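Below, chain A partners chain B and then partners chain C, in two separate complexes.
Coming up: the complex of A and B.
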């Protein structure tokens, strides 16, 4: 084990010490079809070598801003000729390699024995489009794309202040993914920043292609079903979070930013909450909490009542239930379990299917699962209605990761309810609450401001209070500046 | 080792959760498709002092129904016998009504009430009803005609119980138990009569302790609703004066003298005339005043007769005995009160306030 480490150290040392030369570069770029070595003759005695990787650079710009100026320039120094782009001198081989693979063009002036790099990154990528995962009717439509620089632009436009810091880190031994940590200096609690920095420095993995993978390394509770980082592709959400005193991580090659610290209640907040009028927004937010509880407990309640507590069913409902259940082959638990699994299969399938076949899925799902299952005597009418309600209710939660966790909680409660009835559901809910209380997001309690209790933060918790009343930032985020307004002198 | 300790602690916690909540570690099989949650039980007198218990089975489903009757000496024995004779287990957690025959009521229903009270499955909100006539036979005759006779009957009782509709007496187990066991009060129950074409409301049965002693009906029952049960009547027809009073609300003031020999029972009534078919010109305030006086005297006489009847029967469903309670003194014994009540001179006084009719045709004076 130790031997291997020493060997790998030696190899890195030898590359680092190897002299920066065209030959050395040719050696490492061998069998790479897109690696280009170009010589430009400026005068008889003066040659400039261009080394670049074709697929990583903007070829049009190469002509415009490097080749044309160089060929028509009579000045002795390259720096004086290329005026449109930034020029970075390269001292070492390692640095040269890094620049090469991040989309720069290496220039070697043989007469002066000078190595320079001109960043000319290929701008290929998605344009700024509207978010598909967090759609809203009103409000800003732009969303993040896969290019981290562009994403920073979107945030900087919204927060044009020098306190907005963007620190860059590189993670992943193979992917060399840039992760940008953003926060507002003098507002965000420095503990959050240091915690995240420390954790990022500890990351030891080869490839990152999404921010959720980065989150997996930063989370303190790996085995929980609750996300401890909010993933969002909306710049307005990120800006609002930064303003509250949270930190944001932008990961290159993914449109999803990570926001932390979050609480359980953040999963129920939608950007539209702050666009709607406060009464309407509060109502909608309450509806969201109610529908979460409904989607998690409705079917377990059905199973508990029909298996254990027939006394609690209103007699009118019992008439319907007895009638619809009398010919079924399954007990309520198995009936509900099978239906829930079916719904999960349909949900998963509809995600993977292209839109055109999606219609077929809807028809088959609706007719087969809905009507035919009842007519064939596999499921009762009442259960179908409940499965429908709870499935639709589960979609009201704005956080997609939470929607996924929803089904698992539902299944757990279902098993509890079939074993112990309502006391089972109560025990299950106690277990969930205990678990939520034990969670933390970058070392901040996950269930605050309920526990630990912050009275003032309740104005933006279950309701969304009027903005003019929300004069202070949430206390549970421990911001350095609590007041959101300028103090008058 | 530490892990074991942790698991051990958690197990103890879990065990205590169940133990302290009083939950049994064994659960009953209550799958709704495998049980028959009966909605009512009808109890009448059987042969040789036995009880005859009947109900409709299977309840709540659309299958063909039968009336099942068992003659038993104990109530729970009946339920057990049902189980032996029917393919589904009988459960009493959805019981909504208990129909007691008049004959059984006269013998006393204390034991039945106690059985119901001690059964945790049976709700305290089940309605108690006295029936005159053979209820089992009636059920048999209804099976083909009315699929959910029991449910409709229950809905009727429920409708009149809520918001005091002022039509019939509705008493549930909890109220009956309270009246039965509270000093200075006697319970009462609604009475229904079986007729060929259906079940009709007859009146209110008055109980002396747990024994039915009298059934009051028609105007007496209306007055009983007005002064005790609901303090409200939707309509109060008085055929003698060809008038119908509507939206009758009453307020009672009871005054008892210090020697407990006379009691003044004042009934304040707010009402309006709903219908009138007589000859009098009621738009005339004088005529209206006369009519009011007549109604007052009539009601006073009727109420006096009703209270007299109660005094004779030694029953006190109006809970008049409560008036003898005084602060800082020992309450009177119930026996002593009943003796006193028997001899008491009870004066009834009605003060009726009729909302004035439109004055368009009134013959106003000084004009």
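Coming up: the complex of A and C.
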């Protein structure tokens, strides 16, 4: 086994060290149907060799930008013939390989023994569409696509300043995925930039096909259910985050950018908060927090009351509850637990099912789980109402990863509530808050501006204050420029 | 459990944290039983007077916190007292912490049992409370101190509910008479020491020097915390006087909670249960901090300072405390007479520790010529 490994290592090493030649390239491109070797006769004595991967390049441009100019050009130098494209000299075999697989065409002028690369990447990809994960009624509709360059363009259009930096890194030994770190120089705290750069340089993995995988390598608390990087496909959200002093990571082949540092409270902010009038936006934000609390505590509260604290329920409500539960074979805990698991199954199925069959799911979910479960005596009417409210409430959180975490918190509190009633719920919430209090996002406290306390940042926390009053950036993000306005001379 | 983080010091906390630490450590179990022991309306003045006395203790405390030695933690104490004496004092301190932990945890568990789970054994409740305290403590001193903010935000608003007792028909001015004592009974001394013991707790801040950002405003913030406590004590005592009247106040073991039982709304009939659950935030915070202090003190007492702090060590000390607490519960707390003895012991121990700890430290500081260093 070891012998084989050593042999394969030696082969790889010999290829890496081999001299750049057509034969060497043919050796590595063997059994690749889309690899092309083309010879163009410029004159009797001069031949240009073209090497490229057909599926990676723009074939229309190949004709227009390379073959036509070369065949019709009488100048001795290739650089003088190809004027519409950038030309990169290739010094080594490794560099040639890299260019080849990133969508460039390798040109070899045998008369001058010169290797050049012309980037002609295939522009295949989605057009700019509206976001499906963070939909809003008002505001910009464009969203990121899988092409990192296009995503950078969307951000640069919104922030046309030279301070907006975009540093490129490559991660993944097999996927060689481009990761672009964006930040505003002179505004973003340099510690954030250096922390992220350090973490990226430490990444040692073969394949990355989504930004969440990159985030997994950058996060400080792997076992937490809370996301420590905000994933968004909205350029306006990224732009606003950059303006606040955060950093952004764009990952090639995924439409989701990573934003950090974030706090728990950022996950409750929607782009529409800054479009609506501040009173309306504040009201909606409060509703979102209330919904979150409802979604995680409503069913555990039901279990706590019906199992341990009947005396808390007013007599009229109690009569309704007793009537509703009188024929049930299960304890409140099992009744709620089974319903929650069913709801999770329906939620997961609705994501996987094709849109056209979605209606079937609605009917099955609504009738079977709702009406039939009550009639069959598996669940009480009251619980069905509560499950409905808590499920709908959980969708008010703008961040989908947070919605997922919601279900786990709910189940945890459900177990505690069955053991210790509302004392159990309180202890569970204490544990969650203690956990949040100890989390960090790129070394910045996750629960600020509540803990640590930043009084001024509360203007954009539970409410969204008037924009004209938000003249300073959040202190907890430690921006180099705190003020958002230009000082008049 | 991230063991290396238990006593790490990455950041220091400003005056706001010192203020809240003082306030929340003073708002533990005793304030819930205080009115039934104070009884007489003129004890309002004693509450205020002891509050002022507490202010003096905080002044001494701030003098220590302003020295460079306090920010050195263990090494600072060694420089002040010498290693042997520090080890001895730590050993003594273990009993003080254990006693305080026992009284606040068992007291609160008994309240939960009385008002919420009459058929549940208090040992079971103590176990669960300790389980969660252990989790909070495992996050380290730094995060536990920060947890005071969460504890404060989750509990401070509850006092506003008692404002309803200040209005007619419940409130009658005659319930607040006599405001001047005609005679001083022996029981009043117990009440006096109970108040002093209730104000105790901030003396544990002497061990948190490395994590507190001190400056000339430190005393001001400590005073704010203490003043807030005075207001809360007086407010709750007056509310209970107005509600029960001094003749009936001694008949109720938990007057504050009994008053809260009358809060109602159309959704819940027993808001006191919700309030008790929220009060857990404060208990868990305080117990977690004391668990860490106990673990730290035991390391010093048994000469294990050279070894790094570990999660296993914390877990072991929590286990020992839990066993100790179950024994205290079975041997003392469950019997009314012996419980009274334990309460009296904590009243004396709390008074002594709050009075002596800052005083001794400042006296030794004077003797050794230690000066404050912070000037900003």
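In this section, the second predicted complex is superposed on the first by the 475 of 489 C-alpha atoms of A that agree within 3 Å, B and C clash if a C-alpha of one lies under 4 Å from a C-alpha of the other, contacts with A are read in each partner's own complex, and residues count from 1 in each chain.
Following the convention adopted for this analysis, contacts are C-beta pairs under 8 Å (C-beta built on N, C-alpha and C of every residue); 3 or more make two chains touch, one makes a residue touch a chain.
Just so it is clear, the structure is predicted and the values come from calculations on it, not from any experiment.
> Quick check on the chain A-based superposition: chain B and chain C, clash or fit?
clash
> If you stack the two complexes on chain A, which partner ends up touching A:307: first (chain B), second (chain C), both, or neither?
first
> Which partner does A:152 reach: the first (chain B), the second (chain C), both, or neither?
Touch partners of A:152: none, neither chain B nor chain C.
> Applying the document's definition of touch, where does A:450 land relative to chain B and chain C: first, second, both, or neither?
So A:450 only meets chain C here.
> If you stack the two complexes on chain A, which partner ends up touching A:433: first (chain B), second (chain C), both, or neither?
second
> Check the residue A:423 against both partner chains and state whether it touches chain B (first), chain C (second), both, or neither.
In the superposed model, A:423 contacts both chain B and chain C.
> Mind working out whether A:257 is in touch with chain B, chain C, both or neither, as first, second, both or neither?
neither
> Which partner, once the models are overlaid, touches more of chain A's residues, chain C or chain B?
For chain A, the partner with the higher number of touched residues is C.
> Taking the superposition on A as described, I'd like to know which of chain B and chain C A:238 touches: first, second, both or neither.
So A:238 meets neither chain B nor chain C here.
> Superposition on A: which chain C stretch among 21-29, 111-119, 201-209 or 237-245 collides with chain B?
The overlap with chain B comes from chain C residues 111-119.
> Return the residues of chain A at which the contacts from chain B and from chain C coincide.
After superposing on chain A, chain A residues 308-309, 311, 313, 420-421, 423, 427 contact both chain B and chain C.
> Chain A touches which residues of chain C in the complex?
Against chain A, chain C makes touches at 11, 13, 16, 112, 116-117, 125, 128-129, 132, 135-136, 139-140, 143, 146-147, 149-150, 153, 266-270, 273-274, 276-278, 280-281, 284.
> Write out the stretch or stretches of chain A touching chain B in their complex.
306-311, 313, 315, 318-319, 321-323, 325-326, 328, 331-332, 420-421, 423, 427
> Show which residues of chain B lie in contact with chain A when the two form their complex.
Checking each residue of chain B against chain A gives 17, 21, 23, 27-28, 30-33, 35, 37, 39, 60-63, 91, 93-94, 96, 121, 123, 148, 151, 154.
> Once bound in the complex, which stretches of chain A touch chain C?
Checking each residue of chain A against chain C gives 308-309, 311-314, 317, 419-427, 430-431, 433-434, 437-438, 445, 447, 450-453.
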